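In this document, chain identifiers A, B, C and D correspond to the written order of the chains, with residue numbering beginning at 1 in each.
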Amino acid sequence: MSKLFPKCGKCKTSHFIAFLKHAHYVCSKCGYHLRLDALTRIKMICDKKSFQFFDENMKSRDPLHFPNYEDRIKELMETTKLNEAVVTGTCKIKGLTTTFGVMDPRFMMASMGSVVGEKITRMLEYSADNHLPAILIISSGGARMQEGIFSLMQMAKTSAAVKRLNDKGLPLFTVLTDPTTGGVTASFAMLGDVILAESDALIGFAGPRVIAQTIGQNMPHGFQRSEFLLAHGMLDMLVERRQMRSVLATLLKIHSMRAYTGSAEV
Amino acid sequence: MSKLFPKCGKCKTSHFIAFLKHAHYVCSKCGYHLRLDALTRIKMICDKKSFQFFDENMKSRDPLHFPNYEDRIKELMETTKLNEAVVTGTCKIKGLTTTFGVMDPRFMMASMGSVVGEKITRMLEYSADNHLPAILIISSGGARMQEGIFSLMQMAKTSAAVKRLNDKGLPLFTVLTDPTTGGVTASFAMLGDVILAESDALIGFAGPRVIAQTIGQNMPHGFQRSEFLLAHGMLDMLVERRQMRSVLATLLKIHSMRAYTGSAEV
Amino acid sequence: MQDTKQEKATDIVRLARHTKRPTTLDYIKFIINDFLELHGDRRYGDDPAIVGGIGFLKDIPVTIIGHQKGKNVKENVRRNFGMAHPEGYRKALRLMEEAERFGRPVINFIDTPGAYPGIGAEERGQAEAIAYNLYKMSSLAVPIISIITGEGGSGGALALGVADRVYMLSDTIYSVISPEGCASILWRDSAKTDDAAEALKLTAKDLLEFKIIDGIINEPAGGAQKDHENMARRIKTTLLSALSELLSLDCRTLLNRRYDRYRRMGKFTED
Amino acid sequence: MQDTKQEKATDIVRLARHTKRPTTLDYIKFIINDFLELHGDRRYGDDPAIVGGIGFLKDIPVTIIGHQKGKNVKENVRRNFGMAHPEGYRKALRLMEEAERFGRPVINFIDTPGAYPGIGAEERGQAEAIAYNLYKMSSLAVPIISIITGEGGSGGALALGVADRVYMLSDTIYSVISPEGCASILWRDSAKTDDAAEALKLTAKDLLEFKIIDGIINEPAGGAQKDHENMARRIKTTLLSALSELLSLDCRTLLNRRYDRYRRMGKFTED
């Protein structure tokens, strides 16, 4: 991919990087929302210099000694300058403090292994302990099969952490971007109190190829895309990328106070 | 209807009353479960002489001065020897104590006015106060329009009473019989912790005629019948009439103790 | 309703159904700041016949939900004339449970001919959806205020109507069955619709007298459809005044009063 | 598993999928008295791929739920080979929430290739259904015990597998992906299925070593399929012993331990 003229991931049109950046990395030709690395997301959403990183040094341990896994991780650490597929921390958005996590699709399609699960869990626990809301910008190919059962268990671990956050009366907002699939969709992604999505993102449990193989027929038009999920009741809102910061700020603001405190529940 | 040779409500075959009684009023020809009056139900399910009546003297007051309503009620009180469309009380089933209510379809198709709502609410409150489970044998044409808005409000009143019962850790078991429709289905009938039904009973919210008028087409085969509702996830079990007493006794037995009491919730 | 003349029930039925009346989204536009519409029941679908979302009423974060009719035929087809399917009630309940979790009061606008009587609605448990809303709303641990802004049609209205305060606009109706349905079932004669409207006692005045509702919000001269903004302002005033009372109640008191509110409804004798 | 020889992962995969293994309903027949099967999610359907109900384990009232495979092709088609749709997971959760309300411990039998990957399943929220089960089960206020009785396939298995104790029968597997799927995705070569089975570390022995499960229930000679009743008896013994511990815990301890059970799973460094 040319760094100066990156291609749209859908229609393959090349765009001058400065224009693309101005357009929030949305293709002016086909409207496709280009996949973004974690730091770009942070820049687009968080208040300047407000981001404080958590657990930057946490790394995978290849618990199964899975063929080629260790090498692949090392390689990705070099190319992405990240240690794993999720960046977590705290930040402010229009002055409102929140914990904030972003998955980075360059890192093994941001599949969830032990590190992704642990970092997200710690972030949610930090929110619960410090009375903060939580935001997760999600993209993921699902579970990281190279970590086998440890990967699967991250689904239970992160879901339990969302429950504990909610039980303290605090919200999780999730933003689903292209692609959000597998074990990540089937855990924290679908557990947002409010679930936002970018348009035309692939969102689902099973991958389209697997489904096609199973049922032996083609998918209906728009199947597993954001608009389809919205129509089927799975999403709260589609949000344009350039509105994302502003919508998240409004969500934080609305959830920043409890109007009714008479409840003995919390 | 001949008292000695009553007709099946579906296939119209006449049966000798003694045989029919022996067959639990199930047509030997077509399997239809004949509609039963409240006292027959009590005899079929409750331990002999265990039934203690609640609120036998409660009567309607015609709050809207609705045309012909008062006369109709008087007439029905004479023919049915009941004061209203539901009989409530306590009883034992195989030795286990429960509150127990039965609707009587002879009384204005057991539609729910103020008395039906009040008697059922009192029965549920009695259960909650005395730590008893509750059973309701239901048949009903729905709301009693002659009582207008008072009829509608019985839905809210009874549903709230089920909630209070449940909040005390006590169950409601409902048995849906032919027909169970309208505002009764859309309140306590569908709120059973376990919902049983007799086979081939009409169960639904809107009446089939209303639906046919609205959509201008015929109903699919078996639409709104027990088997259809079971397949659509709305019922726990179909129970043969002659098994009903035994199944209810088992439900009471299983719910008669809390195996786990570590919960701070209750 | 003009107090100077005694309108007939059948006229009020007509006014309550006036196609130019403000809809839920109209009211939201006037009275809620920072509104975000939220969609879906997270189970099956997003029912356009019910809308809901969050925002600020003055400076109070609220969840606001309502039946949504269309402004024209096309939109009405999409909105199914405000007749919800089970997924509509389940969306409403989902939003109310979110409201409970975050201590937001709930405001419901009711304007529906009734729950949709169709095959899919029955298949997916129309009765269960309504019943479960009544059950859950009876103890939802935040204040709930419901306002009938047009037609309050039967169980489909009540499914948004279990509340701490229920108000009706002056030219609206709230009834266990439509006058047409009543005439057709009881007298098998649709010509008797006017009689049924009268007999059912379904006007705001009737229901206030019966103590089923807590107050009537008067419509501006000529009806709500003549001045949406003015009507919205009157609603906002009522909401703020009711909320200032309700928000000060502790939870047990709130829920006991809500229970008692419905507990006492019904007329019978015990001699 | 015979401890005397070291079986290959791929052999255990084959045994775990043996068509004559006892199913959930077989086990229930042997270990539960007064069993009543309960149906439906009360929202959309009754999924035959998951069964559930109530009854007595010895003298303890329990809720028992499990994937259900068929005994022959016809029944397997009806049961969808134990691959549940969202309504299956929602039925399971409904029954678990009932169990919580009435203080009944929950026993789950897991035997599924995975959640069904189909159009309807996606449309009705397969991901949401699984996620919501994980979320709710993590704090369900009664003891939960899960037993893998055959195939523990990915999220579709885990959706019944968040528990206070998790056991595997000796010839069963539990994995994030099937060996076939792994070989096909990773190496685009289904001939490498055996390698994938080995690499995934999916046997009971592996998982016990990883401390993902709490114990292995040995199968009778020749495997569970050889003697259903014997296998059922072994399971019953394990359940009774686990329950006698769990039932004595207060709720806070129970739930904190359950949280910690999953909290500590994962391997990473922080240098």
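A few notes on this one:
Following the convention adopted for this analysis, contacts are C-beta pairs under 8 Å (C-beta built on N, C-alpha and C of every residue); 3 or more make two chains touch, one makes a residue touch a chain.
Bear in mind the structure is a predicted one, so any value in this text is a computation, not a measurement.
Fewest steps needed to get from chain A to chain B, stepping only to touching chains, is 2. Touching chain A and chain C at once are the following chains: D.
Averaging Cα coordinates per chain places chain A and chain D 29 Å apart. Chain centres here are Cα averages; for chain C and chain D they lie 45 Å apart.
Distance between chain centres (mean CA atoms), chain B to chain D: 38 Å. Within chain A, residues 190, 232-234 each touch two or more of the remaining chains.
The set of chain D residues touching two or more other chains comprises 42-44, 124-125, 128, 132. Contacts between chains form some other arrangement here, matching none of path, ring, star or all-to-all. The set of touching chain pairs reads A-C, A-D, B-C, B-D, C-D, using the touch definition from the header. Of all residues in chain A, only 55, 57-61, 63-64, 66-67, 114-115, 117-118, 121, 143, 145, 147-157, 159-160, 162-164, 167, 182-183, 185-191, 204-207, 210-211, 214-215, 219-220, 223-224, 232-234 touch chain D in the complex they form. Residues 34, 36-46, 54-56, 60-62, 87, 91, 98, 100-105, 141-143, 247-254 of chain D are the ones touching chain B in the complex.
Put simply, chain A touches chain C in their complex at residues 166, 169, 171, 190, 193-194, 230-237, 247, 250-251, 253-255, 257-266. Taken together, the chain D residues at the contact with chain A in this complex read 115-119, 121-128, 130-132, 134-136, 138-139, 154-155, 158, 161-162, 174-177, 181-182, 185-186, 195, 199-202, 206-207, 210, 212, 258-259, 262-263, 265-271.
Listed in rising order, the residues of chain C touching chain D in the complex are 42-44, 86, 90, 124-125, 128, 132.
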